[in-house]
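In the two assemblies presented below, chain A is common to both, partnered first by chain B and then by chain C.
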Partner chain A sequence: MESLGDEPWDVVIVGTGLQQSLLALALSRSKKRVLHTDPNDYYGQHEAALTLQDAERFAAKYAAASSGEGDEKKQSVLRNATVWKPDDAEAQGLKFPRAYSLALAPQIIHTKSKLLSSLVSSRAYRQVEFLAVGSFYVYEPAKDGSDPKLSRIPSSREDVFSSQSIPARSKRSLMKFLKFVLEFDSDDQKPLWEDHADAPLTDFLTAQFKLEDGLKRYVVALTMALDGKASVRPGLAAINRHLTSLGTFGPGFCAVYPKWGGLSEVAQVACRAGAVGGGIYMLDTGATPKSSDENEKASLGLSNDITVQANSIVSGQETTTGDQAISRLVAVVKSPLNSLFQVLVEGAPTPTVAVVALQSTPSPIYALVHSSDTGECPVGQCVVYLTTMTTNGSKNELEQALTMLVKAVEGEESTSPCLYQLYYEQAIGDGKPTTEKLGATSALSFPPLSATLAFEDSDLEAVKTAWSLVMGDECDEETYLVFEDREGADAEDDV
Partner chain B sequence: MADSAPRPSSSVKLVLLGEAAVGKSSLVLRFVNNDFQENKEPTIGAAFLTQKCNLPTRTIKFEIWDTAGQERFASLAPMYYRNAQAALVVYDLTKPTSLIKAKHWVAELQRQASPGIVIALVGNKLDLTNASAAAAGGSSEDEDEESGGAAGGDGGDESGDARKISTDEAKTYAEEESLLFFETSAKTGHNVSEVFTAIANAIPETSLKSTRGPGASNAVSRGGDEQRVNLTGPRGDASKDSCAC
Partner chain C sequence: MAVSEDSIPVLKVLIIGPSGAGKSALLLRYCDNQFDPESSTATIGIDFKSKHLAVRGKAYKLNVFDTAGQERFRTLSTSYYRGAHGVILVYDISSRASFVGMEKWIDEAKSNAAPNAILYLVGSKLDKVASGGRAVSYEEGQAFAEANGALFCEVSAKTKENIKRPFVEVVDQIVQKPDLLAGAVPRSNNTTLNIGNLGNDYSSACPC
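Let's look at the complex of A and B:
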């Protein structure tokens, strides 16, 4: 049996996060010798899906607060992690740890996303089960004696027509806006907004479309901008993406979600493709570059005392220099919150994810509510992923938002308890890979994924950069992530 | 609409585990292609195959992950058995160490895999035993030579029976651990489809389809795949009448 250290690897990929895994998929038919390692004993790294046992170890590993010294202030991408459960959680209904799969990357994926087209062209999509993302809601606080409630955002023209809560005049303004947004980037429409590209979207909506406050909140919520300051250009682009994604793969949904833990599942499937292609996988194995001479290939010391040489090394950034972060609260709730997962359009698949926007200062809070159909919790429960920009009181605010959300769905008397919580903060990177030379070896490090609620296609660019780096002269763009089915895979689904 | 609908079809993820050279890939090859290769090359890394299994009331589509028994770093199996609904743990009934390894895999699955996973214990290479001589006597297989090579048998004893693990021993263990149990021959095909049919029947209906509370989704009643989104196009005729925007 060949030894790991005998000859240099074409690439050593360190970490099984989404981007590293997609690189392994991209290289899976290339004949390149690939060694893929991860210091954890599970797949997915920052995009993993965790059982409750994993979550506890994760919290211990990333418990440290953001801290840094001197000018070279570097902070761990993940920090301030804690887990919590009531003392009698099991008596209240918490099941065994493996019944849960908490996603560190619960991003929804728009149907027009390049990630999906890449998974289809590379044939990896067959092993992922995609579920529909359903309705978007805005939280309405108690007003004039009425209870707080969730208002569903009408997102298609039919929806707006049939809505009973919007007055006829407002409907006309909203329809005018929807029509505009579908072609906002055309030469005809650009003059309308280009001069205010960086101005707040709400001002633009008032000035150009005379949208009333309620409708403006709907529109701004659909941008899913975490800083709450959606400006005109990115705001319009986000709403355009939302509207044009509707109906792509069937009626009634604009985005999908991979069953069993979101992007974690995509990363795992990509790694499996890497393994089928002959890549060697080593979990529970750290890899540290050793110093190397200028003209020699770099070596990596593995945590099992083996040293390997590599023509290229691709890893993920573990630290960032910026201060900005998002706070995430993952909560298991003992209620299915069924009313959020209704089929509203005939022929639509049963939605398994609902999006709820809650107003808050200084930045809004978004909740992605997952039904048990995602495979992330037992039947009768749901998992709520709350996100906001990190400030001093974020954790409290997210916990309060969770309580408000459950009461708005179930009524003020709701007694559905929270059975488990995982809280952590995640740094916002600059979105750019870092590259360096280690002797004759090229090294590239992926930035953290965009800290957004929906998957951003821009996160795929670095994967292609890394692929070009590894492929070198053999780089043929036409073949990037375009593969035939392997023998034995069933092609009849395509009919 | 429901009346003319085909049988509900569900996907089941199945992972194959076991020591090197016990015949994991050969079992799948027999099941999927009804074929057998002497001296098959060892599996490198992993392989993925699919095969349908028709039951009276439903169709099960197996998504089979075949792992390399020689896998050196025990790093592949975790990505297969997570979310797997079924596992086939294979040993070579002419090789005692392979049953020890199989027991190790069963323990690992019980510790790490999805709760409720259906596990089948399979003793392969029945064709190397006397029992099979009777069972497979009428077979048209015309290879008389020992199935050595990939089979890796240490050669039979004088009686021509290479069995080292008795049916009773393995069966008792399987009963203790609540496993399905079969002895098979990938070479003759004996019992191979039976294993997969038994697994298909043992998968609980509840793990195949939506089981959310009443009133959640009564509008749709299409069984297993009702939630699954097909990325290669709109969902058939459903998309025609309700264009989204």
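Let's look at the complex of A and C:
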């Protein structure tokens, strides 16, 4: 068996988060020698999908609030993690730990995302099952004696047209706005918003389109801006992405979701492609750079006492200096919440993800509701991923939002219990990779993925940077993530 | 062919087991009728191989997946097991250690594959018996397989003895389980998107 330690690896990739794994995929047809390790005994790192057992270990590992002090204060990207379940969870319906796959990265992926085109061009998409993201809803609190409810946001022009809940006059304004958004970045339309690019989107909607409050809430909810202060430029871009993504892969949906745990699945498939290409995989193995002389390749000490040398090292940032974070509550609910997953457009696939926006101060709360078709929970249950900006009371607020959401779907008398929950906070990075020299070795560290509800293509840029670093002189951009299928379509028949 | 390609059920079968057990040799002999007596290195570049076969008068396409070296440090991902209809577990009958290790592989297969997936135990390198190399008896292999609800046979990729048997029997078992087979018929459910069909249009539409 070949030895791990003798000659330098072209790259040692530390961590199997999405970006490291996509790098492994990108290198899988090169002749580069790749050693890919992860300190956890599961794939995916910050983008992993956890069984309940994994979730408990995850919570124990990231239970701490922060580490370090003063100017050197460095905070773990993941922190304040806890798990909870009722004492009689099993009696109430919680199944065995492996029946669950809780996604740490439940981002929806717009059909126009470069992530999808890269998975297609690299042929890795064949191993991922993509599901449709369905409707977007706004939570409407009780008013005038009516119960709280979820209002579905009409998001296509046909949808607006047929909507019963919008008065005719408002429809015209909304239609005008939707038409504008589709071309907002054109030379014709730019003058309308460029001067207010950083102003709040709601003000712009009032001034330019006279949208009434209810419609403005719909529009702002569609931006999925977690800080609730969507400004004009990013807000319009987000809505444009939403609208132009509709129908790309079929009727009725604008985004997809990888079955069995979101980006975790993409990371695993990318790692397998790395292995098929000859990369060596070691989980449950930490790797720590050792000091090295100026002109020599850096060594890495693996936790199994092997030392390896590397021409380059690519890892992921585990700590940040910033204070901003998002709070996430992952809850298993003992109800399928079926009414959120209806097919509303003829010929559309059954949606498996619903997005719900709940107003809250200082920032809104978003819930991504996953049906059991995602493979993340048993039939008859659903998994709700709630997110908001971290403040002192976020955990409480998310828990309340969960209760409100379930009651709005099932009625006030609903008793569908929460069977399990995982709470944690995730730092917002600056989106930039860090690079340094360790002797003659280049080291690059990926930033955490954007703390957003939809996958951001900008997170792919660092992967390409890392790929160029490893490829060096052999870097040919035309070949980046563009591969042929491994297997000829058919071996000879043997019927 | 009488039926169109699209309507043939596609079955996914995995081959797992310790390094050096002869997994790739089994795969290559069965699918490509190739055998390289010198090859003992880890397998690079093989994702899966396809083979058409007919069982009980009906055609199936079998996609057989190799471990891609991820068995070496036991880093097979949970995603590898997704949608597998059958798992073939391979040990080397000339290596006691490889047989002893099957306990863990069976556990891994049972906890990661679908509960109703077919398990099949294969003792490989049957040709070594002739030179006195057997370290695991047929009865031991058989008993272990039975205890774990798996079928069993011994094969030689070198001499081709029994080489088709595990695959044919796995498929034969799969097709007798309608609930297991249901997922193999294309477009049998309305949730999974066929991004593959859109792939071509999609790439050409993307100028990047």
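Rule of thumb we're sticking to: the second predicted complex is superposed on the first by the 485 of 495 C-alpha atoms of A that agree within 3 Å, B and C clash if a C-alpha of one lies under 4 Å from a C-alpha of the other, contacts with A are read in each partner's own complex, and residues count from 1 in each chain.
In this text, contacts are C-beta pairs under 8 Å (C-beta built on N, C-alpha and C of every residue); 3 or more make two chains touch, one makes a residue touch a chain.
It should be emphasised that the depicted structure is a prediction, and the values quoted were computed from it without experimental measurement.
After superposition onto chain A, the modelled positions of chain B and chain C overlap sterically. Residue contacts after overlaying the shared chain place A:43 against chain B and chain C alike. Shared-chain residue A:346: touches chain B; no touch with chain C.
Of the two partner chains placed by the overlay, chain B and chain C both lie in contact with A:130. With both structures placed on the common chain, the touch criterion links A:260 to chain B and to chain C.
In the superposition on chain A, A:421 contacts neither chain B nor chain C. In the superposition on chain A, A:275 makes contact with both chain B and chain C. Note on chain A: of its two partners chain C and chain B, the one contacting more of its residues is B. In the superposition on chain A, A:121 contacts chain C only, with no contact to chain B. Shared-chain residue A:372: touches chain B; no touch with chain C.
Residues 1, 42-43, 98, 116, 120, 125-127, 129-132, 248-250, 256, 260, 265, 268, 271-272, 275-278, 280-283, 285, 349-350, 352, 373, 486, 489-490, 493-494 of chain A are contacted both by chain B in one complex and by chain C in the other. Within the complex formed with chain A, the residues of chain B that make contact are 11, 32, 44-52, 61, 63, 65, 70, 72-76, 78-80, 82-83, 112, 114-115, 210-213, 215-217, 219-220, 226-235, 237-239, 241-245. By the touch criterion stated above, chain C contacts chain A in their complex at residues 1, 19, 31-32, 41-42, 44-54, 59, 68-70, 72-75, 77-80, 82-83, 111, 190-193, 195-196, 198-199, 202-203, 206, 208.
Residues 1, 41-43, 96, 98-99, 116, 119-120, 125-127, 129-132, 156-158, 178, 182, 243-244, 246-254, 256, 260, 265, 268, 271-272, 275-285, 336, 338, 341-343, 345-350, 352, 371-373, 375, 379-380, 486, 488-490, 493-494 of chain A are the ones touching chain B in the complex.
Considering their complex, residues 1-2, 42-43, 98, 114, 116-117, 120-121, 125-127, 129-132, 248-250, 256, 259-260, 265, 268-269, 271-273, 275-278, 280-283, 285, 349-350, 352, 373, 486-487, 489-491, 493-495 of chain A touch chain C.
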